[in-house]
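Structures incoming, each one as structure tokens.
Consider the two complexes below, in which chain A is the common component and chain B and chain C are the respective partners.
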Partner chain A sequence: MSAQPTGQPAANNGKYTTTYTLFLIAIVCSTVALMIFNAVPHAVFLSIILIWPAFASGASAVKDISSYGIGTGVASIGMLGAGVGTISAFSSIFIDIPFSAFIGIIAAFVIGFVTGLCANKIIKMKIPRMELKIAIMSASAAMIATLFVSIFSNNIDMLLTDVYIVLPLIFIATALAIIHPYNGSMGAGENQPRTLKLAFAEASLTTLLFGLISLAYTDTITSIEILLVSGLGFVIFTTIFLRAINAEIYKLEWSGVV
Partner chain B sequence: MDPIIALFGIIIGGTLVGVCVHFIPCSAVGAMAATTGIATGPTMLAAGAGMMGLMAAAYNLDNGLALMLASGAIASMLMIALTSVVANITYAFGVGVAPTSGQSEYDRFTGFEQKQCLTPGTDGHGIPTQSFISGVIGAAIGGIGGALVFYSVYTLISPSIPSSTAVAIAGIIAVGIYIINGVLPAYTLVGKTEGMTDEKFKTTPKTFYSCLIMSTVSGIFVYAASVVI
Partner chain C sequence: MEPTIIFAVALAGALAILAGIFEDLESDTGSQSNPNSQVQLAPQIGHLHRYFNKAISGEPPAYGFWSTTGATVAVLLQTRFLSGFGEMHSVILASIFGALVAASILSFYAIFAHISRTASMRPFKQPLQLDVILSPLPLFFAYGFLAVLCVTLISFITNMVLLNPFPVPLIALLFGITLGTIGSSTGDIHYGSERLYQTFIFGSGIPISKQGDIDVKAEYGFRNSIDTPYFTSRFGGPVTGLCFGAIVFLDNWSRLFTFAGKWTPILLGIIIIILLFLINLSIEIYTRNRFNEFTKE
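What follows is the complex of A and B.
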């Protein structure tokens, strides 16, 4: 097995945030985001801002697992996490008790943990704490999927029949937003702060996409709120990310290709 | 279908999906014609074949389980067969190498000698007959597994929502289960396999137990969410 630890990146200028810390922030923020949306639907812009840490938490978990050199691509591990997260989130729609959305998130964590346990104990991947990392990735994906199914359905506990059309899109967009920050940054000079900056930029871009879709399902004010806050977030995070790149690269030469 | 039988359908289907990955010859290194197999990751290839099977299976939803499983299997087999043929055309006329196994002296089905076509320094290239047949068998297993998961999930959720919605949600949940069970075998294969003739085929029991546990946990949650709670 190619579980060769490359070591936690030391060259992070002391700014390394553990995935567990990010996950705790994501849990608190996502819970508040869902509660805000449930209580005051027109404060959806706050929910959108509060869901971004879930993207960062998922992306950090992908980075932690992938940096050990797994036997398949970064995309596969992210798809696994997103798969567990979204099937739990979509299945929780059918649970007929209040706040069933949270059951989906807990189930994603449990199923993700069992997947990691199988990978580490039966397949013998021997990646330290892989169980927890997959569980974190799955729960993060479930938080994202749950919020957007709730926004499109205008309700935290039920699914509008029309919303089923966008479920595959929620699945793949969530997966890509979790996978790509590490996949796009990986290499010798990769470091967590920059990867997380890209994660936030992609998170806001993903919520921008969902904002466009929400025009078909929600009232115009809600959609405009999502679009504005996501657009603003995308501009800010992309600027921060590009500044980080410019500060860390040796030299930037214009090749004239684009 | 009884909900309990549907639960077992998810478990059996999910496990079949996991096992099918061991049959499909694939390798990312194949892109450089440096090893035998289709040039992509096992998960992506299995997921591609699985989704093809699910789509074909969904068309036969009203025609009974047997026809559904058959159409799922045939669609997946077609997908893998066509991908293999196109890959071989590219290898033969684009890269200029013959489909060769890097692990077998002779092809198990045609008896053709493999070593004389092997480029030095590589671990095979293209999809030789033994890998092609293995891939098609794997696709059939995966297609049946995927269709079984789809039908079982559909049976569980269809009483509570309209049929068209149930088909879509069952489809995406089945894709999710397909991807989870497709990734786990990829870890035992470490990214590349020649199919059932590969040495790594002996690791199939590990995949079997992992996918059995995974499918059981996922299946129980889907069952509990849609029937019990």
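What follows is the complex of A and C.
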């Protein structure tokens, strides 16, 4: 229950992490995650933990673009970015050179930048720094897609293409996990810390789903590691998120007349 | 022509009608998609409400996600069940498990959206009431489960009996996005612009000045998200089902003929589109003649 039911927006203590900082953290974490998976496949639980910042970085980019008055276009801009990212990552399956996974991520960044340039210059949407934000969104989605395609094919070079059945799920689940934190929190009292907490909760929910899928592809120990770490993360992040809600809600009650 | 294929076409059409009905009712149980904007705006103009604010990024991506989840889990399970249960039973059993997983994820996303959006309504003094979350939850879980189950079964029929070359999850993604689009465009009108605006003249549309000015009081007590499907299941749901069912059935039906070789379904498809266009045109001309053109107040 809030301590100050004044009807004013709850102060978020001025905490604001720029999308660029989040993206840098995501790049470092995802690279380490892919390296760990490549070197020690049984330490996959570390890779799962290290991929969560990529979801937060994507969600923050969606928030930055959408707060320029796009509103209901959150879904469209998110699907655009996530689509570019995941398709670049999936295309790198067919490149037969070592560490082709990273080529997919770089390609996602470049293609996302060009898409944003087209939107800003040709369609004239005139949203400040939209190019970079779409590039960040695409690259974040590409990191997530790359890690999970690698995990499902037990191989960082993703040469095994039996995983084509789960590609649609990776695309749409990543897209929803990136767009929904801001979409679900929109409103006058929205603030970045709470949106990012929701992003982490939904990231762990998404990796939990991928863990369930991985039961069909990887050995049982890897799947159980993913499931355990994601489940634990989901419980922890949901608790943190619910605490934030509890602090910011106007009034919490079982039922009543409004 | 094989009887199996004719039966499969009919079954896919029937399942599509059911999927449409359940999809529309599920989205109406939580004011998803178009009505969501109105429910979101209501506290800002002073109407505190007891609707479930289920903001999941628009119905098409959301239904794409639920359907793909259901179909992917079902496909992976079906190969495990195949030896024990036989082909048909393994598909049905696996689809049930897939739909359960999808409906669980739907519920988590819905709860997160409602509580987070309500917390963002703090400046307008919108309270978070737990019975508003807990009472519609089983209802939209059930509707979501049934809708995803139907889409997964249609995808299996399309892939295994009608021999569509795409894998089942990709078909489910396409069908899910189609279903969400139809639910958003056809079904939601009967909730978003009628149920929420019953105090205004029927068919008057929602001008900007009326946005967010929704009905928050019911026949007795407050309007809530459980009574909404009671209203929309009379017309909005069946119309959504009819639309999606017609698309799936006519598309599959056009593949039964072979009089022009590979081009038969495309030719038949073009004829169907022209016929539908003419029917729509005649309905609009009839309506304008019968009820006159739009007038200014």
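Just so we're on the same page, the second predicted complex is superposed on the first by the 239 of 258 C-alpha atoms of A that agree within 3 Å, B and C clash if a C-alpha of one lies under 4 Å from a C-alpha of the other, contacts with A are read in each partner's own complex, and residues count from 1 in each chain.
The rule is simple: a contact is a pair of C-beta atoms (placed from the backbone, for glycine too) under 8 Å apart; a residue touches a chain by one contact, two chains touch by 3 or more.
Everything quoted here is computed from the prediction, not taken from an experiment.
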{"item": "Contacts of A:88 with chain B and chain C, given as first, second, both or neither", "value": "first"}
{"item": "Touched partner set for A:165, first chain B, second chain C, both or neither", "value": "both"}
{"item": "Partner chain(s) touched by A:248 [first = chain B, second = chain C, both, neither]", "value": "second"}
{"item": "Touched partner set for A:257, first chain B, second chain C, both or neither", "value": "second"}
{"item": "Touching partner for A:188 - first (chain B), second (chain C), both, neither", "value": "second"}
{"item": "Chain B versus chain C as contact partner of A:115, first or second or both or neither", "value": "first"}
{"item": "First, second, both or neither for A:98, with chain B first and chain C second", "value": "neither"}
{"item": "Shared chain A surface residues [contacts with chain B and with chain C]", "value": "2, 72, 75, 79, 164-165, 167-168"}
{"item": "Residue ranges of chain B touching chain A (in the complex, touch as defined)", "value": "28, 41-44, 47, 157, 160-162, 164-165, 168-169, 171-173, 175-177, 179-180, 183-184, 186-191, 206-207, 209-210, 213-214, 217-218, 221-222, 225-226, 229"}
{"item": "Residues of chain A defined as touching chain B within the complex", "value": "1-2, 70-73, 75-77, 79-80, 83-84, 86-88, 90-97, 100, 103-104, 107, 110-111, 114-115, 118-119, 122-125, 159, 161, 164-165, 167-168, 171"}
{"item": "Of chain A, residues touching chain C in the complex", "value": "2, 7-10, 72, 74-75, 78-79, 164-169, 172-173, 175-176, 179-180, 183-190, 194, 198, 201-202, 205, 209, 212-213, 215-216, 241-242, 244-245, 248-258"}
{"item": "Chain A contact footprint on chain C (complex, rising order)", "value": "37, 40, 44, 48-50, 55-58, 60-62, 64-65, 68-69, 72-73, 75-76, 79-80, 101, 105, 108-109, 112-113, 115-132, 167-170, 172-173, 216, 222"}
